[in-house]
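The following blocks contain the structures, represented as structure tokens.
The two complexes that follow have chain A in common; it is paired with chain B in the first and with chain C in the second.
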Partner chain A sequence: MIPLALFVVLGPVAGFLLLAGLPVLRRSGLAAGVVSSAVALATLVAAIVLLVGVEPGAAPVIAQIDWLPHQGEAFARLGVRVDGTSAVMGAVVALIASAVQVYSLGYMASEGRPSIGRYFAWQSLFLFSMQTLVFAPDLLQAFLGWELVGLCSYLLIGFYYQKPSAAKAAVKAFWVTKFADMGLLTGLVLMRWQVGSFAWEAVQPGWTATAIALLVFLGAMGKSAQFPLHVWLPDAMEGPTPVSALLHAATMVAAGVYLVVRTWPLFEASGVALHVVAWVGAITVVVAGLTAMVQDDIKKVLAYSTCSQLGYMVAALGAGSPVAGLFHLTNHAFFKALLFLAAGAAIHAVHSNSIWEMGGLWRSLKGASLLFLVGAAALIGLPGFSGFFSKDFALEALAESHLWGPFALALGGVALTGFYVGRVVVVAFFRRPAKERGRLHTPLVMTVPMTVLAVLAVVGGLLGGPIAGWLGGAYHFHVTPEGLTATVLALGGLGLATWIYGYEGGRRLVVLAAPAGAFIRSGLLDRFYETAWRQGLLVVAHAAGWFDRYVVDGVMNLVAWSVLEGSERTRRIQTGRIPDYVLAVVVAFVVLAAWGAVSGMSGCGSTP
Partner chain B sequence: MTAWLSLVVWAPFAAALVLLLLPARASNAVRLVAVTGAGTSLAGAIAVALSYDRALGGVQFREYQPLVPSLGIAYDLGVDGWGVCLILLTGLIIFAGTWATWTLKERPKEYYILLLALVTGVFGVFSSLDLFLFFLFYELAVLPMYLLIGIWGSSKAIPEQGPFAFAYRSLHVGRKEYAAMKLTLMLLLGSALILAGILTLYWAGDGRSFSMEDLAKASISTSTQRWLFPALWLGFGTLAGVFPFHTWSPDGHASAPTATSMLHAGVLMKLGAYGVIRVGMVLLPEGAQAWAWVVGVVAVINVVYGALSAMRQTDLKYIVAYSSVSHMGVVMLGAATLTVDGWNGAVFQMFAHGIMTGLLFALVGLVYEKAHDREIFRMGGFGKVMPGIAVAFTLAALSSLGMPGSSGFVAEFLVFLGAFRSHPWWAVAGILGAWITAVYVLRAVRAIFWGPGPDVDRFPGLSDARGPEWVALYLLGLCIALFGLWPGLILDAIDSTTLVHLGRIVGPIVAGGTP
Partner chain C sequence: MTALLPLLLPLLVLGVILLVLVADLLLPATDRRAVGILAAAGVAGTLAASLAISPSGEAFGGSYVMDELTLYLDRVFLAAAVLGILAAIDHADRHFPTRQGEYYLLLLASLAGMLVLAGARDLVLLVVAFETAGMPLYLLAALPKSPDGRSTEAALKYYFVGAASTAIALYGLSLLYGAAGTTRIAALGAAPVSPLLFVGVMATFAGMAFKIGLVPFHFWVPDTYEGASTPFVAFLSVAPKAAGYAALLRILHGGLLDHHALWLPPLLVLSAASMILGNVIAIPQGNVKRLLAGSGIAQVGTMLLAFAVGTAEGVAMLLFYLAAYVFTNMGAFVVQSVMGEHAASDDMQAYRGLARTAPGLALAMLLFLLSLAGIPFMAGFWAKLQVFIAVWHAHQAALVILAAVLAVMALFYYLRVARAMYIEPPPEGAVAPVVARPTRVALIACVLGTVGLGVFPEPFVRSALDAAALFLGQ
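Here is the complex of A and B:
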């Protein structure tokens, strides 16, 4: 079991080192991609074998080596921990990564050869980093993987580094997530100080548990794009579409949810933390859902949708159900990766991201359209599709824990989801296109991975039982009032969108909603951060730099200047003219003589 | 007994002597001799690091030869775990530095002579156990900088502003001669304090020995310790860039030629920090305890204020120079915690920062040499024509912001662990500093290497690193990753020494005890 897990983690790093260390291979273009994809597929097989081999309820198997010494003993170790949770997540990650890498062989084929090599090198590095995080035996190693996936995200968003918007988005993503990671790092340090261990199970009840849990959750909010730290995710769509599918939809952004599942004992020990988690998740569901409704870029719709869906997972965690969180994470990984890849096929064919320039794809791009629709159905949660089961499970958990506020928000989010998905589907796929185009083509190497994901997006609901088993929980599907309400709301949103965007009569409603749409589009939060950056941090930095140059160093220079100036003045005494010196000698003689005489006289009296 | 340490210390000096005899025209022979001298030291340092017995710990490779027995002065060399780590760093940086300046055209002979003399001093400080010898080497390390910057340096126009603008005009602020003079005067002022401090220590002991071991055993009164410690802290601290006596550093490092900046920011600033800890804190335990909080607060200012000041800079060399001020603050922060993790982190940070900033200054030199410009916002898109430099720069930047997998992370993490234990807000401020670092280094990476371009009309001579320059980039780049992934290579040696030294301050530390 351990060798398998080690292979799942370390296999990709071998791929990365091959690509990074062999310039010949890296510059060979697709050969690099084939090597990287082959490694990913091999780790997928290993991950599945590993998952099947894990008995539900079995004790975790851990193997570690010493890493950092302290007083002659290691206090930090690296290794792998195999249990139900890590095996499930590891398999999901390996699956999506393999699908995306194979798909990329087609999608990225038109890039320059060195660029393809670079792309797959980062892909391999990402897979390694993600599995390091997934199989981490403790919070410290998870943090290492956590930062490394952040790095890969930065590098892959900035893949088109010559494009200013991509460069900006990459840096923004890094800054925002790194800001949140300061919380995680502080939590880590606090944990070592108060609990004396980084272990997943290490908990000390009381304020420490709450503080550490909230700090860990701050990190999770950054990586999992929760309100108000979600602003980087839509910009991250500047990366190539397969990257968006893998990192910014299916796996990396779900790492925050996974982290909370892993540190569950901490959250369980703190009611306050759980409440915060539930509310943050539910607010994100609605805010991101509303924003998704007005986006014109198909990838941005999907990006906000990802935020919103992550909100469901987070809210489910807040409701005390890690099973629901991980279940929805798994299903979301399938259908959202599928949606991105299918959208990528559409973008690839149409050469535009705008849904208004697409139109009529259903006729010209049959295969990819069908796949997109399957993903859309799962995302809305149409009965029978995977999203239906896991989303309902999350809602049920919220209802059961009597978190009625978050529950109401999450329920409203279902209608929003129906609406924004319906809008994209109608506008991009069924509306009459602006200009007629012939049949478009999607290469087989792109279609096959999408088909695999589509199948999983349909049948993902069946995974609820096994996942619950591996996590040591329970899941049985049954019809609930919440579920029925949600389905009705989803269909309502879908129907409204279809009416508005598909029929002349509904179009008037758009005009009515225009002010609201304009408000959402204006990006209030983004402007707030922009202001904080320009008028906050930059101003402070300028002040500090100026102060250092002209005040701190100014005082040093003043001292130096005073010495120079002082010597300049005193130097004048040395005129070099003989009469001056003679005069000085005479004056000195007179003064000394006078002084001697005076002191001599006064001295007479006191001499015994 | 093999005199490993003498080999490490004197090999560069011997090379400098050989260089004196060579004709200046034989520039290739000059470089070869310089590289051989530096390489011998590096090989010796690696041998010492590999054969240092970690289980045994303590001072090893001892060489003892009395020089002036009546005064208790001896040629007394030896290294403990810290020394091992720091001479290894020095070897790496000087070796990389000689390769990085391979293409230097102006007076290479004299340049290398001074550089090698300087590094002899650095090696000497890190392996001296006798304070008199220590101080001799210390001065040898500080003085050549004046010529190195004054002759081979570069100038920059600094606008005359602020309340003391009148002083800036007559001092010619921004000229290389100004930078050289400022650096030398400020460091010599520090040296004066150190000399006074060492003499006081000598007399406060029994007045018969300069040996650090003897002085550690001497009982120095609490009141003496209390007033002597700040003198040594400021004396050594000036070289470590302690606020507000850091202002020589940005100007000095920005004006200095490539290998000199590498050596100065990479290694020389560590002399200061090493002095504060090894002489100031270890020999004056009560003084250290009384003043630790001041050292810590000033260190926090260094970290945050240095990072903010770095963010304001648009000149590439100034960015890297200010980042050193900030990162040396991390070293001092670790030292001020008086905890095992903090001290391990402080020493590891000296190593990690040395490698990282050495690489950064090498890269800055390469970029400047090809672009003839240092203003980052005039650059852009350089990654397309210098991918190797871009990758190396990014790697160093990541180490600078504490990315796991790089040596910078291990160092900062350990320091934060220690800081949280002593004053939680120190750690929070330090972590904030790390975030600001992420902001300014990635901004620089983006401005230089990303974006459209490069503009070939403005920058006609752009190209990637060439031949010998790669040696420096590969060597230092690999070290960042190697020691980041496998810190145990040196950290266990550091740890065992920390236990001994820190035990003098906070009482005996049980090996393997609870934190």
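Here is the complex of A and C:
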């Protein structure tokens, strides 16, 4: 079991080192991609074998070496921890990464050869980093993986670094998540200081548990794009679409959710933290869902949708159900990766991100359209599709824990989901196209991974039982009032969107219901939100700027002045004359000897 | 024969000295490059032997001991010597081809002294070993004789200040003997506390502090580093520091740990002074060798902190710091030797645009600088962090904070070099400096050490902890 886990973690790093260390291979273009994808597929096989081998409810198997020994217990360790949670997440990550890498062989084929090599090198590094985080036996190693995936995210968002917007987006993502990571790091230090361990299970009840849990959650909010730290995710869409699918939809952004699942004892010990988690998740569901309704860029719709769906996972955690969180994480990984890849196929064919420039894709791009529709159905949560089961389970958890506020928000979010998905589907796939185009083509190497994901997006609901088993919980599907309500709401949202964007009458409704329609269409909400955020940020920035200019700079200038002044003086002491130097030695000796004599006198007569 | 087994490593080095002597006589005066390679190979072989053997007990009736501490320090000295010789081969062959044999002989003699010093448990043997290690360095500082007399000046400054310090140290040791009535270090602690004993301790410390380059015995450091040949400075900046700490460990921790409370305060004062003044010296420097000299004074000050707290943890972290320092600091000086040779000046301007003309060399230098600054996943990071932790555990929080603040300040001057390499454009018509093969090997070894200790410090920390725990009997 341990060798398998080690292979899952370390296999990709071998791929990365091959690509990074052999310039011939890296510059060979697709050959680099084939190597990287082959490694990813091999780790996928290993991860699945590993997952199947994990007995539900079995104790975790841990293998670790001392990384930094210390007197007594080691200060830091490295290793792997295999249990239900890590095995499930590891398999999901390996699966999505393999699918995305194979898909990229087709999607990236038109890039320059060195770019392809670079792309796959980062992909391998990402997979290694993510698995380091997933299989981490303690919080410290997880933090290392966490920072490494952040680095990979930065590199991959900025993949088209010649494009200023991509470079800017990469930097923005980096800073926002780094800000959140400061919280996580503080939590780590606090944990070591107060609890004396980095172990996942390390808890000390009381204020420390709450403080550490909230700090860890701050880190999770950054990575998992939770309100109000979600602003980096839409910009991150500047990266290549497969990257968006892997990092910014399925795996990396889910790392925050995973982190909370892992540090579960900490959150369980703190009721306050759980409430905060539930509310943040639910608010994100609605805010991101509303914003998704007015986006024109298909990737941005999906990006806000990702925030919103992550909100469900986070809210489920807040409701005290890590099983629901991880269940929805798994299903979301399947269908959202599928949606991104299918959207990528559409973008690839149409050469535009705008849904208004697509139109009629159902006719011209049958295969990818069908796949997108499957993903859309799962996302909305149509009965029978995977999202239906996991989203209902999350809602059920919220209801059961009597968190009615977050529950209401999450339920409202279902209608929003139905609406924005319906809007994209109708406008991009069924509306009459702006200009006629012939049949478009998607390469087989792109279709196959999407098909695999599509199958999983359909049957993902069946995974509820096994996942619950691996996590030591229980899941049985049953019809609930909240589930029925959610389905009705989703269909309502979908129907409304279809009517508004698909039929003349609907469009008239928009005209009639001018205030609401215009409000949504104009993107005012989005702008209002952006402005509020920016203004808020400006106030903070001004305050920080003032503090920086007058306090920090003042102190720094004083320090710098005194240091430079001091340096000049010491330079003058450094005369270069030997007699001066010898004199200094003698004087120093005399002073030290006097000190010694005095301290010797003070302890005079005593023998140790 | 078995009685000499504990002295295996010094004896092997003596063997290498003989080989080098013979080879120097046999080879034609025009082509003696092979002497250096022979010396490097011999010391590398000794280093390999040191990794294979285990502590083998006492010699000279207990005056010398080969224990875990000796073995650890011996490995540090041997590694420093291999790197120092490798870095010097091309330089010696170019600047004093007929006399290169002398260079290696002197360096090896100093090495032999250090190897014995690490295990000295008697004041007499300690003094002999200390002087054997120290004397050749004065001569080496003068090699090669530079036309403007700078190397002679460097050597003379080093020698005169050194002579004064040695006199003080010997005076101190004689006082220790007077107070304790024995030259056995282990028996020093039994002596009653008296002004005599403590003047002796302080004088001994002052003498060793000169070798280490602690404030206020540091004045020779920038001048000598600037004037002496850079490959030699690489060795000088590391090995004698380790030797000074080895002697101090043997005397203060080995003999006078019971009086720790009395010698702790002055050491802490000197440590703080070294960290502050070292950084202050380095900050305005445009000369890279003087900059590294200032940085070195600050670094040994940090080591003194770990030394002074008097716990096994502190000793262990000092040992680890020394190992990290060998690769990191020597690496930086080796790069500087290449750059100084290339530009015929030690000015930082020579580094402008190096990342574009010689990316490999620039990257190596960047790694060394980051390690010196204590950036994570470089050897220097763990070294600093663990010293801080050890000192924190010893309830000297104020000094940890001071050291941490100064470490951040130090980033400023380390990054100035990095800035010159990576941000400033290369001057017109700049060409990549030539890196001779032995120098290249030394650089690669330094990079591997710096990164290796940074990524996986475990074995080194483990053996440092073991050595310290066994040494202090804790």
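Definition applied: the second predicted complex is superposed on the first by the 502 of 608 C-alpha atoms of A that agree within 3 Å, B and C clash if a C-alpha of one lies under 4 Å from a C-alpha of the other, contacts with A are read in each partner's own complex, and residues count from 1 in each chain.
By definition in this document, a contact is a pair of C-beta atoms (placed from the backbone, for glycine too) under 8 Å apart; a residue touches a chain by one contact, two chains touch by 3 or more.
Remember, predicted model here, so these are calculated numbers, not experimental data.
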| item | value |
| --- | --- |
| First, second, both or neither for A:F589, with chain B first and chain C second | second |
| Touched partner set for A:L151, first chain B, second chain C, both or neither | first |
| Chain B versus chain C as contact partner of A:G196, first or second or both or neither | first |
| A:P69 touches, of chain B and chain C: first, second, both or neither? | both |
| Partner chain(s) touched by A:L564 [first = chain B, second = chain C, both, neither] | both |
| Touched partner set for A:V555, first chain B, second chain C, both or neither | first |
| Partner chain in contact with A:S110 - chain B first, chain C second, else both or neither | neither |
| Chain A residues touched by each partner, larger count belonging to chain B or chain C | B |
| On chain A, positions contacted by chain B and by chain C | 66-71, 75, 564 |
| Parts of chain B lying in touch with chain A, wherever the complex brings them together | 158, 161-168, 170-171, 173, 182, 185-186, 243-244, 247, 250-251, 305, 308-309, 311-313, 340-341, 344, 381, 383-384, 387, 398, 401, 403-405, 409-410, 413-414, 416-417, 420-421, 424, 427-428, 431-432, 434-436, 438-440, 442-443, 446, 449-453, 487-488, 491-492, 495-496, 499, 509-515 |
| Chain B contact footprint on chain A (complex, rising order) | 66-73, 75, 114, 143-144, 147-148, 151, 154, 158, 161-164, 167-168, 170-171, 174-175, 178-179, 182, 185-186, 189-190, 192-193, 196, 537-538, 540-542, 544-546, 548-558, 560-561, 564-565 |
| Interface residues, chain C side, partner chain A - complex | 156-157, 160-161, 164-165, 168, 189-203, 205-206, 210, 216-217, 219-220, 222-223, 258-259, 262-263, 265-266, 277, 279-281, 283-284, 312-313, 316, 382, 386, 389, 409, 456-458, 461-462, 465, 469 |
| Chain A residues touching chain C - in the complex, by the definition given at the top | 65-71, 75, 563-564, 566-568, 570-571, 573-574, 576, 578, 580-582, 584-589, 592-593, 595-601, 603-608 |
